[in-house]
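Same chain, two partners: subunit A is paired with subunit B first, then with subunit C.
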Partner chain A sequence: MSANTRSNRLLQPSATVRHAILLATGALILVPFVWMVSLSIKPPGEIFGTSFSFWPAQFYGIENYTKALTEAPLPRYMGNGIIVCATILALQILFCAPCAYALAKLRFLGRDLLFGMVLIGLLLPHQVLSLPLFILGYQLGILNTYAALIFPYVVSPFGIFLFRQFFKTIPDDVVHAARLDGLSELAIVWRIMVPMALPAVIAFSIFSVVGHWNDLFWPLIVVRDQSLMPPPLGIMVFKNEEAGNDYGPLMAASTLVVLPLVIAFLAAQKWFVEGMTGGAVK
Partner chain B sequence: MSEPLALSSASGEPSATGSVRTLPSPASPTRRRAFTEALAAWTLAGPAVFFLLVLFFLPVIGIFVIALSDWQFGVRSFSFVGLANFREVFADPGFRTSLLNTVAYVLIVVPGTVVLGLLIALLIESGKSCRSFYRAIHFLPFMATLTAMAIAWEALLHPTIGLVNQTLAAIGLPTANWLRDENTALPVLAAIGIWQNLGYAMVLFLAGMKSIPQDLYDAADVDGADLWLDRMRTVTLPMLGPVSMFVVIVLAVRAFECFDTVKVLTRGGPGHASEVLLYTLYRESFEYLRTGYGAAVAVVFLAIVVTLTLVQAGVLDRKVHYQ
Partner chain C sequence: MASVLIDSIDKNYGPTSVLRGLSLPIADGEFLTLLGPSGCGKSTLLRILAGLEVQDAGSVLIGERAVDGLKPKQRDVAMVFQSYALYPHMTVASNMALPLRMRRLSAFQRLPLLGRFMPATPRIAAEIDVEVTRTAKSLGIGHLLARKPGQLSGGQRQRVAVGRAMVRHPAVFLMDEPLSNLDAKLRVQMRAEIKELHRRLGVTFVYVTHDQAEAMTLSDRVAVMLDGELLQVAPPKDIYADPDDRRVAEFIGSPKINMLDGVVRERGLIDVAGSTLAIEADARAGEHLTLGIRPEVFHLADHGGQGALTGSVRMIEHMGSDLFVHLDLAGLDHPLIARLLAERAPLISPGQTLHVGAKPERVLLFGRDGRRLRRQVGSGRASVTPIREITR
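== the complex of A and B ==
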């Protein structure tokens, strides 16, 4: 007994070791965030000095953040990000939920074919489709508009898939009862299925918004006007064209771009982890 | 982003046709009922089907057509040229460098991320306190806008004022111009890739550990596996096998899709030292407007990603009975 506990204690990481290692790796992980915030509140003199301190001798945050908000149209970028992400999400739910309901609860010729199409759609990396989608956008005359940023994503195979999986767990009796109450199929989708599948809707919303808020590839291809750029593209242009070596405002701008998702994540960690991993491993 | 994951759960489940359903009530005239149901289904699915066809299937066909033809932006003529574009791509030393760089990047990022993610997950799971705190910290980079964080990394890696070089100099180690040196650019980008993804691997492993039944640990106890290491060796790690396979493939796909850091930090340079497939695809298609070349690169990229995902689906299908 005593031999057992001793070797247990020897081989299982003790609480102290566990905390020591995890605090160390955690600190390393946070270094880029801390450095970014630190530079964003330092005056140029201290940034280019050789001091090591996190907190500046002279607090220069107000100047840097004002510069980031005025010299780069940062509020505009954030607004664009919100418009694009919100529209994409709304359209995705609008188109995916009815389709997922049909796949989960209705019997019809071609259902397996349709589900196969959804699975193939899941398989395709979006960047591969960018050239034909760019040509399509050009033909439609919508390049360099909000529509260009939105249209490739109005339907999400992942959304259909996720909703279908969730809808299948809702008992058929619920659907029968709703029909007996005289609800149309469409009303069943929006008044019964979607509210009951709220966890899936939230998980998908997080997945979608995070993905599109952070996306650089597609906006880079279809948008030229600064007034239309979402945050990642905007901040890249700010870095290349204006800020250059003006690190303070650049870091302030980066901090502001990262901040909304980080706050949302810390506030709803469980939901974010679920949304981002797609309920992959049960 | 993490879309390929969904396939795994699809394969584990009985197919739609095999499932028992009771929807059409037996009293109703069945044929008419079936027709209304099919009509309703296709009406509900209609918009999604339309957009799936236009935004996914048409473009896939399109990319193959462009890859096999001499079509250019703004040119009306169009003829099939067979595999000429692919021959050009594979004869181009620039593309071969890009492909090799991408493979090297994946071979650093995937093992690094899996090992670190697994170790951190094991450590977090080995105690009860502060679990969600540690999970949150390590997961944070996966959420954060990579373009903005790349800019923060550039400041960290700055040759003179960057924290990395200042620290190295302070403890007497050699410094480097990390992003401008062709020996360090790609490894540094890979390190950023590991930094970004290890929290993702961690949460997948944590979820995998949660699903290991307690009975197995009890059985291991009865069999004399008292030591923590023994329990790891006989229960935890073997039971994580399928999850690990899944994590490896998902991370490999994500690593193959590396683009943001390259675009922001190195633009493929110095020389071609950090050029990766998606960056080549982007530059050839949209900066040089070499559509045939760009489309051929896209097809190669598609082939790699689809193969990886199918391997995953196949392996997981076979391992479903593991538990």
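== the complex of A and C ==
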């Protein structure tokens, strides 16, 4: 019965148009990705050939991927990426959750002004701050270290904003009950608010990890040492120095770099949906 | 076990004054209900008792100890919230164990993984488990300990909230409209259980509600609040039958008390709604006052004239054993409601003219300022002594 009504609904002209548009935009976004994977398994001759096909005539994947993994220290780059992203995420949650709690649930003078400043921080593009941050990093003497890659992102206005909005939806009574139960304010943050805001934490983690894994701009400025480079910067250097116009291994390296994100996202997506529906039950 | 003394509490939110010089002594082991419409400040007062809000002036004593500077957890009070305020990510057992864990385990012993390996942790944790299980069983939720609040019904959640408050044996129980999220049938059942709980524990309960039925059935004393002030504090029957103030009389009772404007004709006679009633009033001839007559005070009179009110029947509501008759009276913009025995029903029909009388001693008189005018003679009852219970 319900399957019937669903297929009927799909057959309506408006639904057909709607899905056609969705499919077209979806394809548009997917094409470069698919093209990258396709190029990563083609031999050089086919990459610049005139014929167009997604599937290679001659499978050249093993050569390309071997070259990507051996000619550049790709595992090292990815290890760097994991260290930097994990540290950034951990510190962001460590600082954002208490800030967001204070802005959402405590009453103090100047709270709204502080929240306004967080919103201004949200509006500022990172590039605007890059020069002052670079000078700060220089004066602290941390350029060309992991710390340089991490310190500008430790406090995330977006994280504070997102958590604050979610904390706002948690009833004050829960905070009151926790205070009566003997929890300190920090214990309320970590034992009550953050677990209750798990969907927001996961959503923020996805944004944060994707953003910093893919970041090229800031690492390009502060890191010279190849052993410290995160994946995108590594690939860029690899392209310039080693591969030249050798696009097959380059695309293979790119695919490998994106792969953990895709896996992580698919895994977290299930969690994300669970968290959302779990929170929706009264 | 502790008495509570609320002494001249003021509370303002910006320019809005929520509580004004409110004082109220509560005896050890008493069940006191704060009753009033929403926005009257009763929940604010409860949160001040709990230490969740800070008063602008005045002080709170719990068990003869001033608690004004103390944090909520140091006050030895527990609270049950309207929304239950359970922690949705914890099981029922963890919800109930949390207040005990926070009190008995040190910060190190509470550490997520390491804490388990601290010397005394297993023993204390086992004790807590035993107490939680015992409390849960006494509330009939022993089989639910492994569930999360999201998997429970409203009534079960309510019990968990009560259990979380009970488990640490507080000196004072604070309850903020704990039954208002339940359906009508469950509410009556839980009302009886709360009454039984109070009898069993024998500790002081301060209960906030806007539901007069809850206030009347549960309380030793009811404190009626309006606009941040206490209008009257008295046992339920006195609040109903012997109100100090017109607003108390109007708030308590369903259907509402009938309020009729009258003028004193001479000593012992009051003109009201085109009729004259023989009521003794402590007022001079020509003075205006208000008569408060509860619906059940009326009885059918054989004829009109002196001592009876005459009106035409607008509507009849059958309530089973009783019926509520709405009467339109000359010079009255709202109908008078009389509660009569249902046996009369066949004899009364809409549009009919009806005469009703009221026993003079059961008519309440209020002055122009809304204060009760008590009669010196006739049936003048002794005035209520709110502190009688305290000095007991």
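The rule is short, and it goes like this: the second predicted complex is superposed on the first by the 216 of 282 C-alpha atoms of A that agree within 3 Å, B and C clash if a C-alpha of one lies under 4 Å from a C-alpha of the other, contacts with A are read in each partner's own complex, and residues count from 1 in each chain.
By our rule, a residue touches a chain if its C-beta (ideal position, glycine included) is under 8 Å from a C-beta of that chain, and two chains touch if they have at least 3 such contacts.
Here the structure is a predicted model, which is why all the values come from computation and not from measurement.
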Key: Partner chain in contact with A:V201 - subunit B first, subunit C second, else both or neither   = neither
The answer to whether subunit B or subunit C touches more of subunit A is B
_Taking the superposition on A as described, I'd like to know which of subunit B and subunit C A:V174 touches: first, second, both or neither._
second
**Q.** Which of subunit B and subunit C A:L183 touches, first, second, both or neither
**A.** second
Which of the two partners, first being subunit B and second being subunit C, lies in contact with A:Q269: first, second, both, or neither? first
- Message: Quick one: is A:I192 in contact with subunit B, with subunit C, with both, or with neither? Answer first, second, both or neither.
- Response: second
Checklist entry - First (subunit B), second (subunit C), both or neither: which does A:L149 touch? => result neither
Intersected contact list for subunit A, partners subunit B and subunit C 176, 278, 281-282
Contacts from subunit A onto subunit B in the complex sit at residues 4, 7-8, 11-13, 15, 18-19, 21-22, 25-26, 29-33, 35-36, 39, 47-48, 50, 52, 94-96, 98-99, 101-103, 105-112, 114-115, 117-125, 127-136, 151-152, 154-155, 157-158, 160-162, 165, 172, 175-176, 185-186, 189, 207, 210-211, 213-214, 216-217, 220-221, 231-233, 235-236, 239, 247, 250-251, 253-255, 257-258, 261-262, 265-266, 269-270, 272-273, 276-282
In the complex, subunit A touches subunit C at residues 171, 173-174, 176-183, 187, 192, 195-196, 198, 278, 281-282
In their shared complex, subunit A is touched by residues of subunit C numbered 47, 50-52, 71-73, 77-79, 81-83, 85-89, 98-99, 102-103, 150, 164
Per the touch rule above, subunit B residues touching subunit A in the complex are 1-10, 15-17, 21-25, 34, 37-38, 40-45, 47-49, 51-52, 54-60, 62-63, 66, 116, 120, 123-124, 126-127, 129-130, 132, 134-149, 151-153, 155-156, 161, 163, 166, 195, 198-200, 203-204, 207-208, 211, 226-229, 243, 246, 250, 253, 257, 259-260, 263-264, 278, 281-282, 285-286, 291, 294-295, 298-299, 301-302, 305-306, 309-310
